[in-house]
Amino acid sequence: MANVQVAIMMGSKSDLPVMEETTKVLKEFAVEYEIKVLSAHRTPKETSAYAEGLASRGIKSVICGAGASAALAGVVAAHTNLPVIGIPIDSTALNGMDALLSTVQMPPGVPVATVAVGKAGAVNAALLALRILALHDKALEEKLQKFKDDQKKKILDIKLE
Amino acid sequence: MANVQVAIMMGSKSDLPVMEETTKVLKEFAVEYEIKVLSAHRTPKETSAYAEGLASRGIKSVICGAGASAALAGVVAAHTNLPVIGIPIDSTALNGMDALLSTVQMPPGVPVATVAVGKAGAVNAALLALRILALHDKALEEKLQKFKDDQKKKILDIKLE
Amino acid sequence: MANVQVAIMMGSKSDLPVMEETTKVLKEFAVEYEIKVLSAHRTPKETSAYAEGLASRGIKSVICGAGASAALAGVVAAHTNLPVIGIPIDSTALNGMDALLSTVQMPPGVPVATVAVGKAGAVNAALLALRILALHDKALEEKLQKFKDDQKKKILDIKLE
Amino acid sequence: MANVQVAIMMGSKSDLPVMEETTKVLKEFAVEYEIKVLSAHRTPKETSAYAEGLASRGIKSVICGAGASAALAGVVAAHTNLPVIGIPIDSTALNGMDALLSTVQMPPGVPVATVAVGKAGAVNAALLALRILALHDKALEEKLQKFKDDQKKKILDIKLE
Amino acid sequence: MANVQVAIMMGSKSDLPVMEETTKVLKEFAVEYEIKVLSAHRTPKETSAYAEGLASRGIKSVICGAGASAALAGVVAAHTNLPVIGIPIDSTALNGMDALLSTVQMPPGVPVATVAVGKAGAVNAALLALRILALHDKALEEKLQKFKDDQKKKILDIKLE
Amino acid sequence: MANVQVAIMMGSKSDLPVMEETTKVLKEFAVEYEIKVLSAHRTPKETSAYAEGLASRGIKSVICGAGASAALAGVVAAHTNLPVIGIPIDSTALNGMDALLSTVQMPPGVPVATVAVGKAGAVNAALLALRILALHDKALEEKLQKFKDDQKKKILDIKLE
Amino acid sequence: MANVQVAIMMGSKSDLPVMEETTKVLKEFAVEYEIKVLSAHRTPKETSAYAEGLASRGIKSVICGAGASAALAGVVAAHTNLPVIGIPIDSTALNGMDALLSTVQMPPGVPVATVAVGKAGAVNAALLALRILALHDKALEEKLQKFKDDQKKKILDIKLE
Amino acid sequence: MANVQVAIMMGSKSDLPVMEETTKVLKEFAVEYEIKVLSAHRTPKETSAYAEGLASRGIKSVICGAGASAALAGVVAAHTNLPVIGIPIDSTALNGMDALLSTVQMPPGVPVATVAVGKAGAVNAALLALRILALHDKALEEKLQKFKDDQKKKILDIKLE
């Protein structure tokens, strides 16, 4: 992990199947990441300390997935100036609406870049981190364009009937 | 402030008109409190430190009011073993539904005693703290019963027409 | 049941799988409880009488689980001055939103400490009762701290990959 | 009040402007009613006692208006076998959704006839009570038909431009 | 069908499993009913004609179950002066919220007595009709009281552990 | 009204300010319309009869605005084979969500073309009717294109600062 | 495909099971259609170009199904003056509410005729397109009437018990 | 505008009061921006063309505010590989829930970094763009830290009573 560019955090191990959509995309783009379970509520000090240390280690963005009262992304954003991306996870009876509102409705001053609830959001969290990295990495920008072109091609190749 | 029993926190000074419903009740019951603006997102370290110090100062419960992605009560509950009461405040376009879900949908392990959105909740937060104190304060329990009797009397005295 | 400290009520026997999350925690902390099915709507008198008798038996808090139009916790709070904790249970097509709003939106004067919908809430209801008991029970407070430390350790011990 | 046929209850005096839509209709139909403020949470015993006494006094239906966690209609239905009509009142930040779900989502066994949130519901609560009375009152049934005809005429008489 | 007292209508044959909760209760109380599939949208004329004919046949109330944009109860209420009871049925992706709001939010002038979404509502629709019939049927009123007593007994007989 | 092409209906005269957004657009395009207050619930027969007569008079589409349990568009669609456009109107405490779900969630077999809640929807209802008419009216299609071009120009002409 | 009258688009191949409800109806009415997967977000240029070319090919309406942030119908409506019908598809944790609001809440100027979420909407989208075509196709109008009559007959033929 | 780093777009001029919260922050940080009204639905081609040209002009992120069916951010994200930030604007009866779901629920492949509804979101959109720029601008990172410190100080300086 010589060159970790993205940190991935999740509030509970049970969020892993969603977060693996994030890691799958980062692997596909050969971007190094590290991944941890850390909770805003159950490991608050470790979460703060970890968030505070990210920038100085050269990490460029943080992706946080959490369900229910999803405080993780907001708390991380309070302890770093890196861009923080929040994935609301559908893990309660309320279908992810709790996690969505907890993640996105941040008060002015502490931004969280929120993506869609669940796996679609987890894919896009990775792509958003990649877009940020690609601002200063021409090769990555080209891969993103190729990814887009492939996506397009896949759709255009679909034959119905 | 020789004998503060209840700590009141709010995420923003604009929450004060709601929180004054809490202080009004505590004054009526002659229970000492202290009140502070501290934010889970904008003053995270001060919030944690304050929460951690409460129990050893003899404080018996904490009431936290916050709007939007209302992380305050949850973060305080992560840093103390006192009972934490959360008041969701209606301060965004979403009518307090964001604050309600953020406050109440805590993950297992870190409880927040959530009351109603806004001023009704602020009154009840005080009464809940008083019920907790009254478990070991017979005089206070009698005042609570008198409050209940007065409430009842007020309703029964209403004459329509 | 020499020393029951917590009373647990549920509106219907079908709520039991949720409420067992509460009893599991109380057993783990060796706190004695009693548990009953009593309904605000189907056994209103027995519910009131039971609620009224709790305080004089030395019980320190009441935990009420109910689904749909979840009136139980509010009705119990109307008949006792003990702290009442309400668990909204997801038992209808509306995903627990009905139980949540019925439990939490209490009018000023009659507080209910509401926790999350379903099993997460049931765990936290027990922990909230324990936090209340621990205010006057140093050993219990230490157990709560140990529980928190264990929770933290469990998260920090997770190895991904 | 020699011949009261309908009892009207409301949870708080602030509900009166809504409930006056109910009384207006009953007056128009010259049906006698009585009206009271009684709360499921603040005057639970008086509410139960009042509900239990209604049938033996010859009253034929009960209309209950309440906001927030609107337990009134359900509690009344638990204490009488009369038809109980519930009006959810919009009195909190949540736009009446809390009162609607609390009123309508009754568990099996204890029916509440729920009408629309607020003033439209208050008009219809009266009309529903009248429909019930009209089952055994031919003159009233004719008045209801005339009311319907007048409503229709009022609409058909509208000239736009 | 010599003495049909309750008419039951549903918007689609797929609503039958819910509506059978209604018929089960009516059978238990030995009250005669008739049951039909008729749609506000697909058989509008037959629906109107049927609704208009009910009162003169001695029927005392109508129970209408429908899902989605549940117009049936409202349309029936427009064509009769009998009490109309509406059961919102959860038959779309929106979990019955569509049927609930369509059924309950009737404009002033045309009342629908709305009960809970789905099977709980279907039970209560029957009980509501029975309460209306019992206003002039002492024996039925006694059966309702016995039903209530049995319900209570069933709950009080539950032994946990 | 020699050549009425569009019929406009609304459930209540209070819906007129919204519906005038529809008439404004039709006037701008010089398309003749007629406009009526007719209610699915209060004038059911007149509504059906009116809907049934539209096609034979050469009318090409019907626009129906209604609030609350907005049954109008669906009932009209049940009585004509013309395209029916429904405008949900925000006229209750529930912010138009009731009217939206009632209008759009039609069962299979009876289509309603639903547009946005309120005035934006009223503008678009007119434009949708015009698009339908323009399928066989080249001049109208050109006016629609010009309207689009004007809209575009208006946006492009905005100077900020 | 000599005489394609309806274009059907969907945002993702996974929407096909819903959209086949549309094609089934069109086949039943022997109306020719073409069907494509094209995405507002993943193939924006192809989507625009396709939408722009539809009118000149004699196509009379476009049906667009999409889930999540369902931009497809709106984007198509921006590139054609044909009537555009939008089917919100339930493909996320939020039960189709996201797709419904994205599809129906179009700003003034760009109308989308929105139908119900999911398969019911897909059937009605076809019927709405047929109603538009039938304005100038007497035979089709008769088939629509027959379809309605058959629907009615199917309901009236149902025998319960 | 020698060195524009952030592009700001809004769907309608009426969104300006919200978007000025964004420009205020950028001015405070002395970061150059350009601001435009461009609509996904009313100026689709200009919107696409503008989005496609941004990267080559050295712009580093795009902030898009839109209400109702808020397609703007998603459409822009489809035409650029820059990070796109979406601000849902509360401009309809539905309190911004429509704009929130339309903005955040993007399908996998096309990420939008969504912030809170309305002015809080507009402030945070600017701060998020600044965090992205600060990854390669040490002076800006220091200003962000100072902004945070000032925020904290402002809260800690509040004296209640």
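Structural remarks
We just call them A, B, C, D, E, F, G and H in the order they show up, numbering each chain from 1.
Quick note on the criterion: a residue touches a chain if its C-beta (ideal position, glycine included) is under 8 Å from a C-beta of that chain, and two chains touch if they have at least 3 such contacts.
All of these numbers come straight from a predicted model, not from anything done at the bench.
Path length between chain C and chain G in the touching-chain graph (shortest route): 2.
By the document's definition of touch, common neighbours of chain B and chain E comprise C, D.
Touching chain E and chain F at once are the following chains: D, G.
Rotation angle, chain D onto chain F, C-alpha superposition: 90 degrees, expressed as a multiple of 5.
Comparing contact pairs by residue number, the interface of E-F is reproduced by A-B among A-H, D-F or A-B, since over half of the pairs coincide. Each chain gets one centre point, the mean of its Cα atoms, and the points for chain A and chain D are 52 Å apart. Each chain gets a centre from the mean of its Cα atoms; for chain D and chain G, those two points are 43 Å apart.
Here the CA centre of chain B is 35 Å from the CA centre of chain D. With each centre defined as the average position of its C-alpha atoms, the distance from chain B to chain C rounds to 18 Å. Multi-chain contact residues, meaning those touching two or more other chains, occur in chain A at positions 39, 42, 68-69, 92, 94-95, 97, 100, 104-107, 109-110, 116-117, 120, 148, 151. Chains touching one another, given as pairs, are A-B, A-C, A-G, A-H, B-C, B-D, B-H, C-D, C-E, D-E, D-F, E-F, E-G, F-G, F-H, G-H. Chain B contributes residues 11-12, 39-42, 44-45, 48, 67-69, 71, 74-75, 77-79, 92, 94, 97-98, 101-107, 109-110 to its touches with chain A in the complex. On chain D, the positions that touch chain B within their shared complex are 13, 16, 35-39, 42-43, 46, 68-69, 92-95.
Interface residues of chain B, counted against chain C in their complex, comprise 21, 55, 60, 81-85, 100, 104-117, 119-120, 123-125, 127-128, 131-132, 134-136, 141, 144-145, 147-148, 151. Here chain H touches chain B in the complex through residues 90, 95-97, 100, 116-118, 120, 148, 151-152, 155-156, 158, 160-161, going by the rule given at the top.
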